[in-house]
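Presented sequentially are two complexes of chain A, the first with chain B as partner and the second with chain C.
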Partner chain A sequence: MTRREGLLDGTLILLAMLAVWQALYQYAGSAALTPPWATARYAVELLGTPTFWGHATQTLSAFAWSVAISAVLGIALGLWFGAFRFAGDVAEPMLASLYTIPKVTLYPVMLLLFGLGPSAKIAFGVIHGMIPVVLFTLGAVKNIRPVLLRAARSLRLSPMQTARFVLVPAVLPEIASGLRVGFSLCLLGVLIGEMFASQRGIGFLIINGINSHNVKLTTAVTLIVIVFAVGANSALLALDRRLHHRG
Partner chain B sequence: MTRSTRIVCTRWGVSLGLILLLEAACRSGVVPTLAVLPPSEMFAAMLELLSTEEVLANVAATFSTVAVAFLAAVLIGFAAGVALHGLPRFRRAIDPLLASYYSVPIFVFYPLLVALFGLSALPLIAIGFLAALPAMLIATLLGLDRVPPVLRRVARMHRLGSARTAALVILPAALPNLFQGIKLSLAYAFIGVIAGEFILSGGGLGYAIAYAYESFDNRTMYGLMLFVLLSAVISNTLLSTWESRLQRRRWRA
Partner chain C sequence: MTETAAHAVLRGVTRVYPGTSQVHALGPIDLDIAKGEFFSVVGPSGCGKSTLLDVLAGLNPPTAGTIAFEGEPVAGSVPDGVGVVFQEDASFPWLTVRDNVAFGLRRLGMDAAEVTRRVDYAVGFMGLADFAGAYPAQLSGGMRQRVCIARTLVLQPRLILLDEPFGALDQQTRLLMGDELLRLWRETGATVLLITHALDEAAMLSDRVGVMSSRPGRFIDLVETGWPRDRDSRIVSDAAFGAITARLWSSLRTESMKAIGRG
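Take a look at the complex of A and B:
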């Protein structure tokens, strides 16, 4: 497929989605959602108000903390489990089943442990986002090709050099994939946290809009969240693919 | 003792150890009992709750919602995956959508779904369905991608019709991925429904947990929470066991 065709197909898909949106509006009416053009205009208007940015800053800072903590803890735990084969084999299915439980039920525990502040949100984001980082890192270290380590040994690299020139480049692509998934899940965790028992943040704006039947606000904020999530994910995906295809 | 039994034993040991540690931490007051109940009491609370009509009604409501969402997602996801596999250009075009799908918190669509379907079980089913569908679709695509071309050639050599090729050659070859998709779909449908109930709806287990939290009824909250988590872990473990049994049979064949 040529680049031109790809662009054409992409545009067609985007138009089709906008058409579905418009059709939903025609069908369900203004009690359910606002039409695309009006929503986009209101969203731009919202982006110019300080109230919106007050909420957005809350969300973004909780989100940034939870991504940072998930990344550091996740990579450290993943490297540890990957290096000690036995610990990794014991932990992997446990982590996988943690990944599949409805973690939202644990949110009250976070609230009871951390109080009604940003730290509960951050902790909740971390329990969502950390597990994929651990699992991807663990997998990367476990599946590293033995020939690479043998090459490092035969070149008499020191442990530091082995880490710098062999281990890190070999596991980096997988860790990047893990971070991308973790990034999305941290956002999910923080937003869910704000939708429940919170007075600030984007999630609160959405739930507040729902409760006060402010359809215009809910639809516009939803659009902003989706554009942010998809934009960030696409950027990370592009980075991810570059890392995987390198060399 | 073989290595795999040792691993399983250690896993049980670690789990039990963590539970005992939490029990000790709660009993000794390191973790305040106002925040976290000791596991033994959670378990007792769960058993008590499961004998009341009200909770059983909630369990039935949630489980049936999950079941409908899960089955619909698996069937439709599979069908859509097969269709999409046959349309490579369309598939390439919507690939970015599939890749970004799970980065959007789908709960933001709940008000829209309520407006579309009214206040019934349908919006919740839709949330569970939307959470689970892409997992099945992507797994189906991957499974069909990984059918070795030599198998398709063998089918042609034996002059199998397209229905028999699908049933005897392609489906079995794609089965591991399909199974992965089914497992993920169940987990995602469960997560979607519980979270939908928790944040937005007025019924089911998720709502009961949120309600118990808001009325400071920790016993009920922890009992229900334990039940939900155990249900998720047990169903996932059962599917995994079945999966690895199928896998072993494949190797023997």
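Take a look at the complex of A and C:
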């Protein structure tokens, strides 16, 4: 697909989504959501208020922490499980089933463990986002072509050099894919966490809007979250494609 | 050590794969490879040819016996001065051709100007100059194998071990790669051990060909070709070429039948 076609596709999808949004508004009325243009204007207005940024900073900081922890722990565990076949064989099915259970059911446990406040949100983001990073990394290490490791030995590399100059670059594209999936799930985890038990953050802002029937606020905040998530995801996808393209 | 002494010496080398089945893959093998010799090994599939290369390279330890390279025992790791080219494509897909070739030199911490000089030479020698900035995914199988040869060559090995390096290539490309290999061998003065399943390739390239039995692999025949040092693929039309290939096949025929269960 050329760049131009990609741009065209993107524009068409955007227009289709705006049309659906407008149609939903026509159907449900202002009791459920506000129309696209008005929402966009209010969203811009919100972006100029310190209150919004107070909440946004809370969310972004929790989100950044959970992404960082998911990435570091996820890659480390993935490399470890991948390098030691037995540990990997034990861990992989456990992680895969853990990945499928609805983690929302674990939230009360997280609250009891970490208390109300940012650490519970971060932990909740991490349990969402870390597992795909581990699984992608583990899979990449397990499936590395053995001849690359044999080549490293024949070039007289030490184990540390092999890890740094052969193993890591060989699995990097897969790690990038894992991070991209983990990134979106971390955001989901943090927002859900804020919706259930928090007095601050974007998730709280949305749930607060719903509770006080502030449709304008809920719709605008949702729009901001969507724009942020889609933008970040596209950037990561581009990086992902570039890494895969080389190999 | 003197020039005439054997470059690589194997004595009673045996390899049994550990585990419940205890597969006796190789040996015992006794072999002296002379310095600067082009030695090929042919044998039926599964006879332990690749095992022989692994053990000689120090990639796998022998179960019994000893291996010496330049008078030093080989144990547990690839000795300095030995280069290995594998059957599968072992180029690093995340590096360009140039960076692939420079890989080994950079790990040695060689200074950048010297790396550039040597890499330029190896890349040019293997006919890759126009593709120096390309990634392996953009190259054909034959060219990727050349990248791997260049990556080994650049380290100036004194013994080059090649494990069916042209096995995955078509016949024409294989003949031409054979010529390249002869040129490389002549210009570097290195000792070459080539594992191959192609009798014509062995007959054309080698000073000496070792014919291996079916598993456990042992040498059942050693054939001297008597080719001049400046030979190339045109010797396939020489009468002696037919005679050598015929002798290799007559040594190998019974063993190959055993390997496919008709022995």
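What we mean here is this: the second predicted complex is superposed on the first by the 239 of 247 C-alpha atoms of A that agree within 3 Å, B and C clash if a C-alpha of one lies under 4 Å from a C-alpha of the other, contacts with A are read in each partner's own complex, and residues count from 1 in each chain.
Rule of thumb we're sticking to: a residue touches a chain if its C-beta (ideal position, glycine included) is under 8 Å from a C-beta of that chain, and two chains touch if they have at least 3 such contacts.
Small disclaimer: the values here were computed from a predicted structure and weren't measured.
Contacts of A:A19 after superposition on the shared chain: neither chain B nor chain C is touched. Of the two partner chains placed by superposition, only chain B is touched by A:G6; chain C is not. In the superposition on chain A, A:A68 makes contact with neither chain B nor chain C.
Once the two complexes are laid over each other on the shared chain, residue contacts for A:V109 go to chain B alone; chain C is not touched.
In the superposition on chain A, no contact is made by A:V44 with either chain B or chain C. Residue contacts after overlaying the shared chain place A:R153 against chain C, while chain B stays out of touching range. When the two structures are aligned on the shared chain, A:A163 is found in touch with neither chain B nor chain C.
Using the contact criterion defined above for the overlaid structures, shared-chain residue A:A76 touches neither chain B nor chain C, since it reaches no partner. Counting the residues of chain A touched by each of chain B and chain C gives the higher count for B. Shared interface residues of chain A, touching chain B in one complex and chain C in the other, do not exist. Of all residues in chain A, those touching chain B in their complex are 1, 5-6, 9-10, 12-13, 24, 27-29, 31-33, 86, 89-90, 93-94, 97, 99-109, 111-113, 181, 183-184, 187-188, 191-192, 195-197, 206-207, 209-210, 215, 218, 221-222, 225-226, 229-230, 232-234, 237. Residue ranges of chain C in contact with chain A, taken from their complex: 57, 59, 77-78, 80, 82-84, 86, 88-90, 92-95, 103-104, 107, 135, 137, 148, 151-152, 155.
Residues 7, 10-11, 14-15, 34-36, 89-90, 92-94, 96-97, 99-100, 102-105, 107-112, 115-116, 183-184, 187, 190-191, 194-195, 198-200, 206, 209-210, 213-214, 218, 221, 224-225, 228-229, 232-233, 236-237, 240 of chain B are the ones that touch chain A when the two sit in their complex.
Per the touch definition, chain A reaches chain C in the complex via residues 145, 147-148, 150-151, 153-157, 161, 165-166, 169-170, 172, 246-247.
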